[in-house]
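In the two complexes below, chain A is the common chain; its partner is chain B in one and chain C in the other.
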Partner chain A sequence: MKQNLIAEQRVMEEVKKAIAEGIDIDPGRIKPESSLMKDLGAESLDFLDINYRLEQTFGIKMARRTVIDHIEELFGEESAIDSDGKLTGKAVDVLAMRYDGYGDKIHAGMDMDELPVLVTVSSLAEGVESLLDTLPEKCSCGAQEWKLEDETRIVCGACSEPASFTSGDELIEEWLKQVQEDKKIF
Partner chain B sequence: MHILQGIDMVQVSKLEKMLLASPGLASEIFTEKEREYCFAMARPYVHLAGRFAAKEACLKALGLGLSGEGIDSALQDIEVVAGISGKPDLLVKGRVEKAGGRRKVCQYTVSISHSGDFAVASVVLVAGENCE
Partner chain C sequence: MIVENSLFTDKVALVTGSSRGIGKAVALAFAKAGADVLVNHSKPEGTSKTKAEGVCRQIEELGRKSVAVAADIGSKASVGEMMEAVYGWRGRLDFLVLSAARAPFKPIEKLLEREMKQLVETNYMGNIFCIQKALPLLEASGGKIVFISSLGSRFYNPSYPLGSMKAAMETLVRDCAQSFAQRGVQVNAVCGGIVRTDSFKTLRQYMDDLENIPDELCVSPEALADVVVFLCSPLARGICGQTIVVDNGLSNSLYRPAWAKKPKL
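And then the complex of A and B:
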């Protein structure tokens, strides 16, 4: 269910904080549209650090596998990456939907290592919000009351157990199945 | 037959600071054997940095790179093992092995070096229809 305990603005503030601390840059430089790699100078190590900080902050589990990996698992080998290791046209169609507004920067024949440049502060914040929005109706104890602890952690109002969100990998899989049902890409 | 190459450099103090602040991250990046080996050394973070550089270099050679979203488990699919002489070797599994198979990689080689606050790794992959 769409959670309303942590406001979008709060998520964005925490994402900016994780980026500023992870890359060790002035938070004033961080804009929603900034590409972490191109504009803020993030390296691969920084991406891991930032994502891990966000997991710890919100009690969520980010994806361990890429959208490309999930496409291949769901729709078969070479559905996303061709025999030369390049992105297929169908994978491009899916990624253009995922990175809304960046469709013109993704094209068939690209290497996968060209994709991280598309990750922006906004796309990271949206990813966190989509995970938080998988807050279940009820806690495993049966209570239907959630509360906020330490400003970013959602816990059960009755038993104080941390909320159990859908993982990033499960969410990508659900999204891909929905895309396939709607668009019949594969 | 052709070769694929990747190189990466890691600042040791940056990795150390990151892992000390987030200790759980070490088990997301490094395999159990890698952690056991490195934390038994006098300067564990130098060896962990070298291993991270090797994993990144391998992903680059395969044209994969790291995903910017989430914590890419491909890092766990690459293990740097030290032979008796100390010379490192790469063991690959899962998605990385599959990506290598797709590119017809038949040999993985790695070289790691450290100096001051930096560790660098170079990975060379031999690939082709008839290579062994």
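And then the complex of A and C:
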């Protein structure tokens, strides 16, 4: 369910903080539209560090694998990236559906190494929000009241257990299966 | 650090992947021991470059010369250019430390073909490219090669395909040690335990409860770096083709009461 305990603005602030600390840069340089790699100089290891910081902050589990990885796991190797390392047309269709504004930035035949450049501060914040929005209606203890602890952690108002969110990988997988069922892309 | 700061005066070290982590600690340890250091990093732009330049500055503050060299070791051409830069810098190379590594964290059954290729290109072929291209310079100086391995070479780690490459490299270290000994080039490896570097930050996402390992069973990058310096010093002249485990006893600790969690009943 859509959670309303942590405001969008707060998520954005925490994402900026995680990036600033993860790659050791001045937070003032970080804009919502900044590309982590192109504008802020992040590398692949930095992404994992930033994700880890966000997981600690919000008690969520960020995706370990990309949408591309998941497509190939579900629909076979080379379904998203061909043998030359280029994006397939089907992968373009899926990514354009998944991420707003990707439509004009990606095309079939594009090098897969160019994809991480598209990750921006706001796309990361949206990822965090989508995980927080998997907050279940009820806690496993049966109580239906969530509260905020330490400003960013959602816990049960009755038993104080941390909320269990869907993991990033599960969320991508569920979404892909749904897309496949609706559109029969692969 | 017990080593004298004149141990490696006028000597030149190249440390691959030394913009951060263990490589960085090794680069600094060489500088403290008196060597000038080439700091290799993977990408010509971005944080790898900024961090490598930061390491160079730290080395210069220690009174040694240092230069950052961008090269993706998985590319033979790139390694060739790097070695030309090495030769062009001081005209010599005494120590080659192979610390660069890059790998996906995934269970083996989920590895894609391109990931396997990259795994082998960077962590096996890349090291061989470096050895091949550096060999003439190392022969000229009676140099040393030290490979940085990890306990993944011999023990199970979840989602750690890099371990199999480390095992391959430890074997390769034995082979090279024998065949290069007659040319005066000494080859060994250092196998690290749990080291709290940037890679550890990644690993903790894949190994539950990794953070519960107490500090006394972790090893610092500096402790590893000191053993690399030792292996490059005349004190280690009798060691050939060995992998020295530096893990604060982690791999010997079958009984781990401090962090073994009680199973939930």
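Going forward, the second predicted complex is superposed on the first by the 184 of 186 C-alpha atoms of A that agree within 3 Å, B and C clash if a C-alpha of one lies under 4 Å from a C-alpha of the other, contacts with A are read in each partner's own complex, and residues count from 1 in each chain.
We take it that a contact is a pair of C-beta atoms (placed from the backbone, for glycine too) under 8 Å apart; a residue touches a chain by one contact, two chains touch by 3 or more.
Every value quoted in this text rests on a predicted model; they were computed, and no experiment measured them.
Per the definitions stated earlier, placing chain B and chain C onto a shared chain A by superposition produces a clash between them.
Once the two complexes are overlaid on the shared chain, A:Pro116 sits against chain B while remaining clear of chain C. Contacts of A:Leu48 after superposition: both chain B and chain C are touched.
When the two structures are aligned on the shared chain, A:Ala63 is found in touch with chain B, with no touch to chain C. In the superposition on chain A, A:Ile71 makes contact with neither chain B nor chain C.
By the document's definition of touching, of the two partners only chain B reaches A:Leu36; chain C does not.
Touch counts on chain A: comparing chain C and chain B, the chain ahead is B. In the superposed model, A:Val11 makes contact with neither chain B nor chain C.
Looking at the shared chain after the overlay, A:Ile23 reaches chain C, while chain B stays out of its contact range. By the touch criterion stated above, A:Leu131 is placed in contact with neither chain B nor chain C. By the document's definition of touching, neither partner reaches A:Leu176: not chain B, not chain C. Chain A uses residues 37, 42, 45, 48-49, 51-52, 55, 64-65, 69, 81, 85 to touch chain B in one structure and chain C in the other.
Those residues of chain B lying in contact with chain A across their complex are 8, 10, 14-15, 18, 22, 24-25, 28-29, 52, 56, 59-60, 62-73, 95, 99, 102-103. By the touch criterion stated above, chain A contacts chain C in their complex at residues 23, 37, 41-43, 45-46, 48-49, 51-52, 55, 64-65, 69, 72-73, 77, 81, 85.
Against chain A, the residues of chain C that register as touching in their complex are 42-43, 45-48, 50, 105-106, 110, 112-114, 198-199, 201-202, 204-206.
In the complex of the two chains, the chain A residues touching chain B come out as 22, 36-37, 42, 44-45, 47-49, 51-53, 55-56, 62-66, 69, 81, 83-86, 111-119, 123-124, 127, 168-169.
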